[in-house]
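Chain IDs A, B, C and D follow the sequence of writing; residue 1 opens each chain.
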Amino acid sequence: QEYSADNPMTVALVVHGTLGDKSFFDSAAAGLVRAEADLPVDVTVIEAGNDRGRWEPALADAADQGFDVVIAGTWEMNGFMQELSGEFSDTKFIIFDDTPDFSGGAFPNIMALTYRVSTAAYLAGYAAASVSETGKLGEIFGVEGATILEFAVGFEQGARAANPDIEIVRAVAGTFTDPAKGKEIALAMFDQGVDVVFPIAGGTGIGALQAARDEGHLAVGVDSDQAAIFAPTDPEQAAVILTSVEKKIGDSLYTALEMTLAGDAPYGTTQLLGLSEGAVGISMNEQYETLVPEDVRAAITDLEAQIAAGDIAVDSTM
Amino acid sequence: MTDLLEVVFSATFLITVIRASTPLLFATLGGLISDLGGALNVALEGMMLIAALTAVVVSVYAPWYVGVVAGMGAGAALGAIMALFHLRYKADVILVGFAVNILAAGGTVFALSLATGGDKGTSINLQSKAIPSIDIPAFEGIPVLNFFTGHSALSWLAALSVAGIWYFLYRTPRGMWLRGVGEYPAAPEAAGIGVNAVRAWSLVASGALAGLGGAQLAMFNYIGFTRDMTAGRGFIALGAVLLGARHPVGAMLAALLFGLFEALSIVMPGIFSWIPGELVQTIPFVVTLLALILFSYRTQRAERTLS
Amino acid sequence: MTDPILKATGITRIYPGGTVANDGVNLTVRPGEVHAVVGENGAGKSTLMKVLFGLEKPDAGSLTVNGQKVDFTGPKDAIEAGIGMVFQHFSLVPSFSVYENVVLGSEPAKGISFDRAKAIATVRELSQKFRLTVDPLPAVRRLPVGQQQRVEILKALYRDAQILILDEPTAVLAPQEVEELFTAIRALTAQGRTVIFIAHKLPEVLEISDRITVMRGGKTVGEVETKDVDESSLAAMMVGREVSLRVDRAATTGERALEVKNLRLVAGNGVTLADDLTLNVHHGEILGLVGVEGNGQAELLEAIAGLRPVAGGSLTLQGTPLDELTVLERRDRGLASIPEDRIAQGLATGASVAENLAATRLDDPRFVRRGILNLKGIRDNAVALIDRFSIRVGGPDVDVGTLSGGNMQKVVVARELSEQPQILLVNQPTRGVDLGATQFIWKSITDARDGGAAVLLSSADLQELLALSDRLVVFYRGRIVAAFVNHAELTSETLGAYMLGIETQTPEAMAGAMR
Amino acid sequence: MSSIRPASALTEVTRVLLAVAIALAVAFLIVLATSEEPIKAFRTFLTAPFSSNRTRGLWIDDVAKLTLTGLAFSLVFQARQFALGVQGQVYVGGLAASFIALSPIGVTPLSIPLGMLVAMCAGSVWGFIPGYAKARFGASEIVSSLMLNYIAIRVVNWVIRAHLAPPGSGQLNSPDFPDASVLPAIIQGTRFDLGIVVALVMTGLVWFVLYRTVWGLKLRLVGHNPTFAEGAGIRANVVMISTMTVSGAIGGLLGAVYVQGRAFGRIAIDFDGNLAFEGILIAIVAKSRPLAVPVVALAYGYLRQGAQLMGLRTDVPTEILGVVQALIILLVASSFTLPGRAFIARLMGRKPEVAR
């Protein structure tokens, strides 16, 4: 089928939560907005909200409404998508951050995008441990979920690579929506000697970033280039984010739509995207250059190459 | 264990306790005022939430104190709405309170998305302001005295409010009216006091205080608004009212107790990493429950003693 | 003839629900007089007073005070016009002190603070001036009823009331206290104040008032000079017919039914409510419990009913110790109870008449089989009782809360007396109930007695006690201070002296009346 | 509380309909002011739930759940208790049912009934605690039941994450239940499952228990006047505790219907989506009458589903439903016809109406 500006491909992104997390979903939505501007696609973002009971209906509703491509993310939506893919065999589905089991030619209309995010987190962990003066890092989790731990294992491995004696404390906030709590946790961590925090906790994590700003400590951003997000409105906040572990969901979705339009998208397979594909990485921005010393940056560039080449095996939960 | 003790007795921990207690204390005082007037205010949660959003949005365009006053005003307005439905239209005050909570849960997200242009999670693309902390450099580093520096301006206001409310309740005529209305409304009614007016004002004051709590939460504890950011604090405050034996000083002690446990639940994961996070998070609620039972038991006995 | 200080013309008040409580009522009160308003229950007296005090807005009619037409929107306006009111039910904040209650609403202030010293001094001064002795400092809930009433009057005087409305002030007082109240009323009128006085006891009305307005069925049926009427002519005006409230006393009494020995009742804090109570009640007699409210009679009844723990001594029912039995087990043994407050204790308003009539017998196979309700049985029972006790009600399924007070009381009486009880506890059976219903309830109680019930009767109305009881015991401060076998010469004055602790019987005299 | 006033059924229904109409009108005004496509949005709101088998299934699934929570609240409200613990009971009940489903019994036909039974037991324990705390210590059931909700949610979430989720997956839900542990669908491929039957049976049961058994009569008498009930030989405390316990069992059952239902068929963290609380609204509008509960749930479930589909398909956020809910509660709970009544009752010497 040929799509054109007059007859665009209709695409729905089903967000199982809401936009405004400044990381995960916003990144996906931003990629699609870019796609809408550049490509003959018509994008609708559907926010399913935080009620788990509504996620499956939201996805089904999108399929039901006849969108050409339906996109959703993570293991939370994976199962629902697998169930729907049979009923809506003419619809194309893209799942990011998780994959179904394609063996035996199952799910020919699903394309999975997964990210070796631990590789990027490795680099961030290396940077964080290198700039830490106290030798103590803190991680704040929204919940102890798979996607969250994928960041943590890489981050911790990288940190140890930089400083074998590094001490890392973990805390679980139990929520992605309580920034006050994230802030308190970070403040408590700073009080216990932590000087770099890595919040992987959505809105809760934003509170932790704010604590770093207020206390003059450092933080590592997550999912998107969070320094860039804050720079226009809150430069002080941006100035303490030494780098971010980016999962370039938006970019990868853009590419996936491009391929779909061109007709060469590998539906029925998993795309494992890592450092070499540019789908994950750390933000090498102005703040990074200021906060991370020259020699560490050089070492990181080196490590990046080694990981890409497979010389360093980075842990993964997947 | 020694780690825990070390942390607990540090000045920063005490400051954390004060910070965590301040929103609770305001809400508790709010609950106290309306409870003494005879109306149990279960809407503290919703009032705080709406006040938090109002404070944040207003402080984008105005100085911080205007934001605080706006939050207070939003709470007071909700109190007035409650008064209208409860007193004028005779709706049960608990139901009215729940209506306010439901309105707040949905309405704030709706309003936030309008204010931020579609953001339903947080207000971080709004540049809201913070309540300044009052630092006394001379005290820093001096044991005991360092406890008095670095608190939010509203924490001091909260402490003053405790004294003010105590004075109001037990030393002024209007305070006497309020207590009389709560205890036996027929008496002030017959004395020509507008019972409904007193109740209405108590709800408005209750809302204003809860509003201050919301402002502190969104302009100091965390700077900005996120959905459901009150996270049950309004209900804990309700427990604190009962726990504080319906007295402002008791309310303060109860709020501090909860602040203490909230702060503990924050530092504990760093120290006892083996305890699951979810279980640590139950601490404030378990403490509320146990304290409630204990105090109810004691007041029950005290009341028997009186009759 | 002086100009009236207060004049109500054509007052009509229709309550939501359609009760015409006042129907074109006229009232003229002259300065410095004691003006009594009398009428049966529900005649509309209280409603009229509430209109005078601004608590009810009349649907029609007008009020003038001192020749000025007034239109009250609330008690505040009435107070400003110089009207004070003491309610049938006191309006005092229990935990507040006497002086706080007196000044509540118009407190003396120093700056923004309440000026306690001044309040206390003012209250002292007022109580001396009007001979209403009361200590300003204690909390009112610690005061006896008579003193609480003085606080109420002081409240009105503190607001400089020129016209003082007293709604049934004597109902709760012992005869001696009534005398004290009358002294105070005379002191008031001597100083130029006017008093409007409502009472059901006609001798009192005749003693204290100068003029009387009689109401019936929401209308004024006449205004007379007190000196021109006597008790029977007044009663005839009120009721519209002759009434007699005579009952026959029991000639014989049977077995001992209930033994109370050295009973001690204690509040939760250890304060003694009653001590060393010893008395017996026999089948076929009515034992009257005399005493000012709050002297332990009600607590004794509660203890017998099983609603209050016993701290010492014993209660024995036909030889069985009562203290191990639950409320239900006591009821199964034939205990029945007509409690003091029908709405608070006697009924489940909101449930139907039929459900209320069955509520105390939920183990009766007529009503419940294997935990399942027998709706027909419950209904049939109600239909029968409604008929037998002539309860005025639309049907057994009507919500009991919509009945009039007298009919509510009949529901309670019907339930408790539907089966012949062995022990009957009765507290204030006719409070707020009119003559017709009173007659019926008295008859029901004496019928139960004649059927063999041992009856304990407590009432604030001494006439009621004297009319019904075979024997009487007097309570004072939780102890029994006197006992009498009822006889024609026994007067309420005699009883009153014991009730107030002015006199105490010798143990021998008491033993004579203690069977 | 509700249902004190004797008002004819007809005026009651009129009042509720008026309240709903006003609430919808306000919602429409808000949509008009904020949406780019107000007409489409509002049409979606009002028609979408009935548009397909799938959406009808969603609607009926909600109705089943709303009915159960409405019943649980009605029961405690009839006894004049303000216990708000249904949410916590849903969690412990859901967890209990999941244990059965994930055990070897899970593949047998026994799984569903046994799961429901165990869930009811768990829920009743959770209902018993505030009841006992109130009867024995006088602890406010409002506060204690809310605290128990928070505790249940967190503890259950922990069990799911740490013990039920497939090890190492980092997922926040259990594996899917075996088919024998999932309620059969009544309309294939939709959420229209056995849950609605369970809810309707429960409605009949609650009605029967309340109006046809002696326990129900005692419960209502205690609700009307506990002092009187004591004097009549009914042990009010026992009734109070048992009421909260039974209501807890219904809450637990709802938990089972949640996890066994076609919507889930497994247990996940935070699974109730705050629906349990909406039972308060159902109970209020139904005046705590069990037979009215499913009717109210049917109508309210429709609005709820409409709001959600509007949230998915248009630019109007689902959260507008909060405004509609709040208005309905306010308007239904208010009395516009009898102002000043409580005040008169007070002066007539009736007990002053205490706030609760």
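Note that in this section a residue touches a chain if its C-beta (ideal position, glycine included) is under 8 Å from a C-beta of that chain, and two chains touch if they have at least 3 such contacts.
Heads up on the chains, UniProt names are B, D = Branched-chain amino acid transport system / permease component; C = Galactose/methyl galactoside import ATP-binding protein MglA.
Nothing here was measured: the structure is a model prediction, and the numbers come from that model.
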Go through the assembly and pull out the chains touching chain A as well as chain B. D
Quick check: more C-beta contact pairs at A-D or at B-D? B-D
Maximum centroid distance from chain B, chain identifier (CA atoms): C
Measure off the straight-line distance from the CA centroid of chain A to the CA centroid of chain D, and report it in whole Å. 37
Averaging over Cα atoms per chain, report the distance between chain A and chain C in Å. 77
Per the C-alpha centroid definition, the whole-Å distance linking chain B and chain D comes out as 28
Could you state the distance in Å from the CA-based centre of chain B to that of chain C? 46
In chain B, what residues contact two or more other chains? 109, 120, 184, 186, 189-190, 276-278, 281
Residues of chain C that touch two or more other chains sit at 87, 89
Each of the following residues of chain D touches two or more other chains, namely 154, 157, 161, 274, 317, 338, 341, 347
Each pair of chains that touches is included here, namely A-B, A-D, B-C, B-D, C-D
Residue numbers on chain C that touch chain D, as the complex places them: 15-16, 50, 55-56, 87-89, 305, 307, 326-328, 330-331, 337, 339, 343-351, 355, 359-360, 362, 367-368, 371-373, 375, 399, 401-402
Once bound in the complex, which stretches of chain D touch chain A? 52, 54-55, 58, 154, 157, 161, 168-172, 176, 189, 263-264, 268-275, 308-309, 311-313, 317-318
Note which residues of chain D are touching chain B in the complex, please. 1-2, 34, 82, 133, 136-140, 142-144, 146-148, 150-151, 154-155, 157-158, 161-162, 274, 280-281, 284, 317, 319-323, 325-327, 329-330, 333-336, 338-339, 341-343, 346-347, 352, 354-356
Seen from chain D, its contact residues with chain C in the complex are 4, 6, 211-218, 220-221, 223-225, 227-235, 338, 341, 344, 347, 349-351
Partner chain B, residues of chain C touching it in the complex: 74-76, 78-79, 85, 87, 89, 91-96, 100-101, 104-107, 109, 112-114, 155, 159, 267-270
